[in-house]
Amino acid sequence: MVIVMKKNATGDQIEQIIKWVESVGYRAHPSRGVERTIIGVVGDDRAKSQLKSAEYLPGVEKVMPILKPYKLASRETKDGNTIIRIGNLEIGGPKFIIMAGPCSIESEEQLMESAYIVKKGGAHILRGGAFKPRTSPYSFQGLEVEGLKLLEKVREKTGLPVITEVMNTTDVDLVGEHTDILQVGARNIQNFALLKKVGQASKPVLLKRGMATTIEEFLMSAEYILSSGNDQVILCERGIRTFETATRNTLDISAIPVLKELTHLPIIVDPSHASGNWKYVLPLSRAAVAVGADGLLIEVHPEPEKALSDGIQSLKPEKFYQLMKEVMSLERTMRTEIEALQ
Amino acid sequence: MVIVMKKNATGDQIEQIIKWVESVGYRAHPSRGVERTIIGVVGDDRAKSQLKSAEYLPGVEKVMPILKPYKLASRETKDGNTIIRIGNLEIGGPKFIIMAGPCSIESEEQLMESAYIVKKGGAHILRGGAFKPRTSPYSFQGLEVEGLKLLEKVREKTGLPVITEVMNTTDVDLVGEHTDILQVGARNIQNFALLKKVGQASKPVLLKRGMATTIEEFLMSAEYILSSGNDQVILCERGIRTFETATRNTLDISAIPVLKELTHLPIIVDPSHASGNWKYVLPLSRAAVAVGADGLLIEVHPEPEKALSDGIQSLKPEKFYQLMKEVMSLERTMRTEIEALQ
Amino acid sequence: MVIVMKKNATGDQIEQIIKWVESVGYRAHPSRGVERTIIGVVGDDRAKSQLKSAEYLPGVEKVMPILKPYKLASRETKDGNTIIRIGNLEIGGPKFIIMAGPCSIESEEQLMESAYIVKKGGAHILRGGAFKPRTSPYSFQGLEVEGLKLLEKVREKTGLPVITEVMNTTDVDLVGEHTDILQVGARNIQNFALLKKVGQASKPVLLKRGMATTIEEFLMSAEYILSSGNDQVILCERGIRTFETATRNTLDISAIPVLKELTHLPIIVDPSHASGNWKYVLPLSRAAVAVGADGLLIEVHPEPEKALSDGIQSLKPEKFYQLMKEVMSLERTMRTEIEALQ
Amino acid sequence: MVIVMKKNATGDQIEQIIKWVESVGYRAHPSRGVERTIIGVVGDDRAKSQLKSAEYLPGVEKVMPILKPYKLASRETKDGNTIIRIGNLEIGGPKFIIMAGPCSIESEEQLMESAYIVKKGGAHILRGGAFKPRTSPYSFQGLEVEGLKLLEKVREKTGLPVITEVMNTTDVDLVGEHTDILQVGARNIQNFALLKKVGQASKPVLLKRGMATTIEEFLMSAEYILSSGNDQVILCERGIRTFETATRNTLDISAIPVLKELTHLPIIVDPSHASGNWKYVLPLSRAAVAVGADGLLIEVHPEPEKALSDGIQSLKPEKFYQLMKEVMSLERTMRTEIEALQ
């Protein structure tokens, strides 16, 4: 923490701040500049939101934090990358992982058909929503428990691991029994009760960035899960809300290299929700591979024009097969030629 | 819903769309323009998210919704304003209502002292957080149940109604027993499980707009509560997230007249969270009165420089008393002179 | 400037940074914390964008500026407020000033009629665009020189001072001859060639904040004008671009108290462009008075439904007269009761 | 244009609107729905901003435009892609084009050295700023005319075509004499006087998207240049302003496929300004290739730590050489394997 004094702060005021800093358990290192005195506060300023109150004291212009507020999510506290294992799959390892499936589970037939497409295309994990967070209370809210059972049935038949969203603390245990990965949706990124609860689960958690979540806050939400005891967190960039309306959200592609620098956790990209339009899903998926993401989360539906939710951003089977081929081609280039240049 | 065809759409494609519209239960009214054919879709397009999938069909450029997606929250379905009664108080009535108190409940002494300040200043409702949504898992998380008990104790002693936040579906009943108004925080604006649960409660709900919530989505979240059976909803504008960092959030003051036009629900303003700095709370409170809000939610603390959370945006007692006088003065002008001009 | 070293920075790296700081003409004050060493850089860090390059040196985590980048616009370099005099009018003085008129000058008749309305309502300055910045090259671009002549004619007849926009460096002298205040539009907020040019003019400049301009950048653009020799700058908040589409822009009402704290320049509000809808202009004008702005810029048109630009945000005469009465009523309360409480 | 009537609009009001539509020269096609009557307006609604005023008429809820406001920039008015030829180079053709060089021209030596690096790396065009748009009037403003001369000198010596920014209408002719491509900066995206002026020039124009420019507005600014007679426009995505501060701007990577769908103009990406940090320039450049952009604009500097502007986002020579290799490798995969799948 650095305390910046006002231009006209008196020597007396500076003395008072130094005493105050010491009274709350820190050491103060003033340095007198040409126009300003600044006071370095020595001690761990994480979790010390009280220090911010120094802005209330006479002569103080502002208080600037120095340390990043997250610990367990930071590269500073862990060497190497976190790799999450689901059976033989590794998320965050050298292989690019693709999770795909319909937005909502609508029927056994639709889910089974989707799983077949996912498998045929060569993707690794089946996604499908049983509990659906819908903006409108009048929209289809998901098959709920019935959907979970279908998910388990299809998993058994196809051997594909599955991922599904959990929205309520009271459902965490139940959902955990039927899925391989628990998904926390963008709208629950700061539902701290839910974060603590999935932090106690024994399943990996895929955490989606919220529409207005900064990268720092994203990592703080991951920190809630990690500090509750679950170290299996997968981050998912799915677009942020900006002034641009040509796409449903704005895919923050830069977040991938920024996160790769700051954290050891794996990061995947959801181009379906980011763009909100199947037409842009292929190019954005290619960008995700090239930028260095660990995987993709893709919406695919046997008949998107009949989907009960998000049809317009779901791929038809043929387009999905093309996506898989494009991604594999680029992945090969990344793993061979690009890696050798790093 | 209006379906806009592409410039080069063929007569055949137009025929196909008309048939499709009819096949899903609507009537189609095509009108052929100079450059485009548009097809009006007749029928209630609310809750028919499936119609959006028409964008997938050949020859279609885009699908534009016509109706607002909320019903119960709309002025179209209710004459006059919703007035929420808490004892003798009316929120949404002619009188401007002020809720004030500390961000967090820290101790009996601190809460009691705060209540005394609130009452002395002439405010109407005591606020205070027992469960605190904090960005960091390492920050003070509130006194929880202990805080609820203190709230009830202070309510009994002072006669002030109280409002406090509920963050978890499993706490709704408990919190409801100890408070007069249930607060749903900005981070839970699309925690649909929580919205449904408070929609079943018998207490009024103060619903805070999220950082990235559009006005339409804000009303859809209110619609969740209303359609679950609770018609006692108070909206609260508390600032949205923008690129500007001079204030913690950007108070969207225009949201007040926009909401007054669209909905019958009362709307109050939280200038403390909007600005994040006590220095701006007074002028923004004056703006809230003048723009036509129904009340304010204000953070006040006996000693903000020692607060465990949000100290920097909390008012000292003296400033709070000044705020109360300014607000009352402007309210008088609004109620006498301005109202006569409308 | 404060240089924050990485957690694992070596003593050697710290030594190197200290030497580098001294080699570019500053003094370095290291303070060694528990987790980080920070190095205070002593010397004027304004206009020293080179110091930022320290982030390129080994062991450095980030470089944080301490000083505000503007000088002449800052309260630190001038006591009291800048008051701009136009004849007997004072902008930035105790009286609230209202500039009103049509978006575009369309004809002599329309401008004359508008001026009559403005005067009858009791406003102080006539606005009207001769050069119009239009998003589309196919929209009406203004009467240009013809419009300037009409402006001068109407000024002579009515005695009202006039304000009009200048968009091109080559027009500054010409426009200056026909107007009392030069307006720089939101889209030219960082047209530095234009800022320098109006900085050499002898007329006051009304500078509108851009759609994505931070408050700091806004003051830096004012600094361009001030440092070019023109100290007659009026700031105008006209809404910023956010994700919300219910209004054309989002009026950043908090910018008024923030700017009042940072700068001595007068600040007015343009609720017409901020909201883009006449329905919201009255409440937002009231908010502008209450928050402490120095004046308003309002669009009024004899027949808005026939306006060649921005009709939907222009007030009809009757609504404008009502606005003037409401504003005067609130101004009275502000000047008598509220001021006494400060 | 579609006019949506209010729920309670009377038959009389609907009649009035139909008459009004006809009185301003259009035909009206009403369709009566269950909850609303909508009126299709037949006729070219482009450049008819007056129709928007219908919102002022009794019974009207809103007016919705149907047509895109740009013509010349649209794929609807031109088959195939615009290819811009500079000597043997083609921008917008099958080959990926890289423009690189220092942010500012600082000296003959620095520019010459930069050109050598650019050429050695295999890039195609040299960039360098002579006139610099700086937020602060106290920052280095460029070598101006002296810089233009150096640019020409280096062009002659190296054979590299050059691109440089023009900021003032009065400089367009002069800058045009010394450069192969005129650059219009992000801050001048809606400097309409400048757009018209470069629209009369005989050199290609690289138009950078502004920080708060929607894709539609971006194309409208291109339309200003095209409709002034210059059909040689290159679009450049360089990041938009959002709430996220981890990067200088947020690269809107989705804008590339969206623009490819809407316009025939070539589109390049500037990852240096988008991210504001050299560390992210390589991964973002790879993403630009994979997403389907036509080229890159990259900042490279012989000694970034000594640069007079933007040092921190400039690549050192070694990193630039690596970038060139990575880009070429991905381009090969795109041109061979990916293209075959389309």
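In order of appearance the chains are A, B, C and D, and numbering begins at 1 in each one.
Everything below uses one rule, namely that a residue touches a chain if its C-beta (ideal position, glycine included) is under 8 Å from a C-beta of that chain, and two chains touch if they have at least 3 such contacts.
Treat the numbers as computed from the prediction; the structure is a model and nothing was measured.
Visitor: Which chains does chain A share as contact partners with chain D?
Guide: B, C
Visitor: Across the interfaces B-D and A-B, which one involves more C-beta pairs in contact?
Guide: Result of the comparison of B-D and A-B: A-B.
Visitor: At what distance in angstrom does the C-alpha mean of chain C lie from that of chain B?
Guide: Their C-alpha centroids are separated by 30 Å.
Visitor: Report the inter-centroid distance (CA atoms only) between chain B and chain D in whole Å.
Guide: 38
Visitor: When the centre of a chain is set as the mean of its C-alpha atoms, what distance in Å lies between chain A and chain B?
Guide: It comes to 26 Å between the two C-alpha centres.
Visitor: Mark out which residues of chain A touch at least two other chains, giving numbers and ranges.
Guide: Chain A, residues with two or more chain partners: 212, 241-243, 245.
Visitor: Quick one: which bits of chain A touch chain B in the complex? Just the residue numbers, please.
Guide: Counting only chain A, the residues touching chain B are 46-47, 49-50, 52-57, 69-70, 133-140, 167-170, 187-188, 190-194, 196, 210-212, 217, 220, 223-224, 227-228, 241, 278, 304-309, 311-312.
Visitor: Touching chain D in the complex: which residues of chain A?
Guide: Touching chain D: residues 212, 214-216, 240, 242-247, 250-258, 261, 274-275, 279-280, 283-284, 286-292, 322, 325-326, 329-330, 332-333, 337-338, 341 of chain A.
Visitor: Please output the residues of chain C touching chain A within their complex, sorted ascending.
Guide: Touch residues, chain C against chain A: 2, 4, 7, 29, 31-36, 38, 40-44, 64, 66-67, 76, 241-243, 245.
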